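For clarity, chains are labelled A, B and C in written order, and residue numbers in each chain start from 1.
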Amino acid sequence: MEYKGWDEFEIGAMLRSFDGAIDDIAGTAQADRKYSENNSYKASVADWRVLKPVFNKDYCIDCQFCWIFCPDVSIIARDKKMIGIDMDHCKGCGICVEVCPTNPKSLLMFLDHADSEAELAAWPEKDEEE
Amino acid sequence: MAFDKMELRDIEVWDGNHAAAQALRQCQVDVICAYPITPSTPIVEGYAQFKADNYIEGEYVLVESEHAAMSGCIGASAAGGRVATATSSQGLALMVETLYQAAGMRLPIILNIVNRALAAPLNVNGDHSDMYLCRDSGWIQFDAFSPQEAYDLNMIAFRVSEDHDVRIPSIINQDGFLTSHTAQGVHTITDDVVYNFVGTFKPMNDMLDFEHPVTHGVQTEEDWHFEHKARQHNDMMTVVPDKIENAFSDFEKLTGRKYNKVECYDMDGADIAIVCMGTSVETVREVVSEMRKDGLKVGVVGLRVVRPFPFAEIGDTLKDIKAVAALDRSAPGGAAGMLFNEISGSLFNTDSKMLLSGFIYGLGGRDLTKANIRDLYKELQANVDAGKVLTKQQQFIGVRGPKLAYL
Amino acid sequence: MSEIKKIKNLKDFSTSADRFEGANVLCPGCAHSIIVREILNATNDDLVLSASTGCLEVCTAVYPYTSWDASWIHIGFENCSTSIAGAESMYNALKTKGRLKQPDRNPKFIAFGGDGASYDIGLQWISGCMERNHNMMYVVLDNEVYANTGGQRSSSTPLGGSNTTTPAGTISYGEKQNKKDLMGIMAAHNIPYAAQVSPNKWKDLVKKVQKGFATEGAVFINAVSACTTEWKFEPKDTMLLSDLSTDSLVFPLYEVIDGRELNITYRPKNVVPVEEYLAAQGRFKHLFRDEYKHLIKEWQTRVDENWDYLNRREAARV
């Protein structure tokens, strides 16, 4: 964000989460909220990642383990379904992959610059030893 | 349960502590978090009695330390309501971290400091060490010289601090014991008139507005911190002075009692003057009126507003005075006294030829005697006659042992 | 009293709209945020939050960004308890005076402090808030170290850990003291509710937090927070470490009601040896040297004794 001069911000270094009024925050999905420019939701930590998770919905059972244990609010769940990863906020920690219970896993880590389509096409088979 | 209003006589005999507690009651403070310490304890106790007798509708939180008192005040103030507390000396020292935080977060809290020395050695009596301890904390600081002023300045402070253009906390100082425990006649204002003067608190960036969530107390590093601190100082220097002036003038319209950032007594045609704070102003005034009867051109200046320091007003008041004594009631710790420094700053780089000498006095409640004051004026007159300061620039008065003088 | 949010299973839970945002600057894999998410998502009521100086605070409110979708305040290292108690007092005052902007809401007041902020520097402030029984929840994010300032010991740091102020060296095995029993201290305030939680046992956590929200008065929650940076394990293993801490009984999950009634809320089917818990973390690596192996035994004995004590307390119903 642009730097501001001393006369250009609100006093007390106070920040607002949203633009305007929001009546029921807990009842408003992130996509429908009017975040202010000061909300970190508007920022990205994508450049932190060395590895990235890739999601293969073919094996996903929508258990939501990845949703609950993702530290960075980056697993997007809609109507009890896992629908994808928020790549602006994912830091690539790999927790979601570790907690994913399917076999083969529905989430795997790859280098951040890997081609996700290619990785999905070459997804590993079921691990019989498990 | 509705709370009760209190019937007051036009003039009540109150000490400074009781006057402050009454003012807090009348301003209908929403939350007070407090902790007792001599000599401000009676404010905390007095308020407790009001609460016990159903004169208080707000919350009264008896916390476990002064640090917690101000921490609770900060949380309460950020939540969005009128907040105040009181302390002294060691309690203030424990609170200092949070004073800077309250000011930086622009929370309009009112703090009554009943001035007392700082240990070691431990001492419960009045001096201005605690006032000086927090002089750079970013709070507006008023100084009351009497119980009446402690009463009035509380109301004025709420008016100034809570103004949305200001939102800077205020301290009201009064001298430990000499003001806080000395009963005098106080002209009262009725409960309704006081509350009308301060008004119902108008929230701003309040945490309890669930439709507008706010984040208070962020981290700023080298890329943002300076701008925020600059803003704080700018508002102190450019916004607060006029707001104080307006509040003083509105208060005068209401009560006829006129306050000034710099209070002048017998300064018309004065050649020499003493500048001081607290009850010393009253003592010096007595001496001055006696000396005036003898035809001596002496005057006294009392500092009503310590922060933001009234540079222009002090400069104006003193520019034609021939010799001035700055009286600092705090151990200077290896420097000139605060008043000496600020007065110098007010007149340096001007055409004023004023001769300034600094005095450290009254530490730990040591009396400033009338004889001390007469001697002081004599010294100033001698400086005028010689056209220069004949002594060292910093002297200690009223202390036993060989004379102490520096600079 | 507000309704308790119905969360039967994870699928239900996943319909929550988070009020804590990403692109904060906590380390990848930090358990602090997992705990915070689970707690905030346990209710739909409005929230008033505070945090003490520490990782959570310095990483989620770095100007010009905030990661909080609820009102939030930070003052200092020691006083997040009292700041939220102050806000709660203001809520009560404005309620009495009829000046609340949205009088129909049921806000929850929650303070988050690290173990340094809670076991050490802020203990007195928390004690005051608990004793006065403010209607608030105090949550410790217990990573057993001053993580934000680079890994100095706290009084929550367990025996034998190597920390920057109690490092292991040629003549030292690191931390010499055992972890302080903060749950015991808080329960001794006879507060209505105190509990230990761990983010891997999310259902247990949510249940306790909801119990806390439904409680009138002060609630204390101690949450173990596996710290990838200071415990020295890979970020992907945060939940593995959480599992190890609960399943080895190093961090037992229980609750204390009114300072008296103690209930163990999780009994691992297969108790994991403490050695496994220690071996998974770089901070205990040196304990596996021959001369310090006796400390691993000591660890196991202490954990067993504590578990035994909790069981006896539970059975005694006192």
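As a working rule, a contact is a pair of C-beta atoms (placed from the backbone, for glycine too) under 8 Å apart; a residue touches a chain by one contact, two chains touch by 3 or more.
Not measured: the values here are computed from a predicted model.
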*asked:* Using CA atoms only, can you tell me which chain is the most central one in this structure?
replied: C
*Pair with more cross-chain C-beta pairs in contact, given B-C and A-B*: B-C
_Using mean CA coordinates as chain centres, what's the gap between subunit A and subunit C in Å?_
24
*Intercentroid distance (Cα basis), subunit C paired with subunit B, Å*: 43
*Once you find the CA centre of subunit A and the CA centre of subunit B, what distance in Å lies between them?*
53
*asked:* Where in subunit B do residues touch two or more of the other chains?
replied: 105, 210-211, 213-218, 220, 224, 228
*Scan subunit C for residues touching two or more other chains and write them down.*
46, 61, 63-64, 66, 68-70
*Check each residue of subunit A and list the ones that touch at least two other chains.*
4, 9, 13, 15, 17-18, 25, 38
*Which residues of subunit C touch subunit B in the complex?*
46, 48, 50, 57-58, 61-64, 66, 68-76, 78-79, 82-94, 96-97, 99-102, 105, 107, 124-125, 127-128, 131-132
*Sort out for me which residues of subunit A touch subunit B in the complex.*
3-7, 9-18, 21-23, 25, 38
*Could you pull out which subunit A residues touch subunit C in their complex?*
1, 4, 9, 13, 15, 17-18, 25-30, 33, 37-45, 48, 62-65, 67-74, 77, 79-80, 82, 86, 88-95, 97-99, 109
_Under the stated contact criterion, what part of subunit C meets subunit A in this complex?_
10-26, 28-34, 37-38, 43-46, 60-61, 63-70, 199-200, 202, 234-240
*subunit B residues touching subunit A - in the complex, by the definition given at the top*: 104-107, 167, 205, 210-218, 220, 223-224, 226-228, 230-232, 234-235
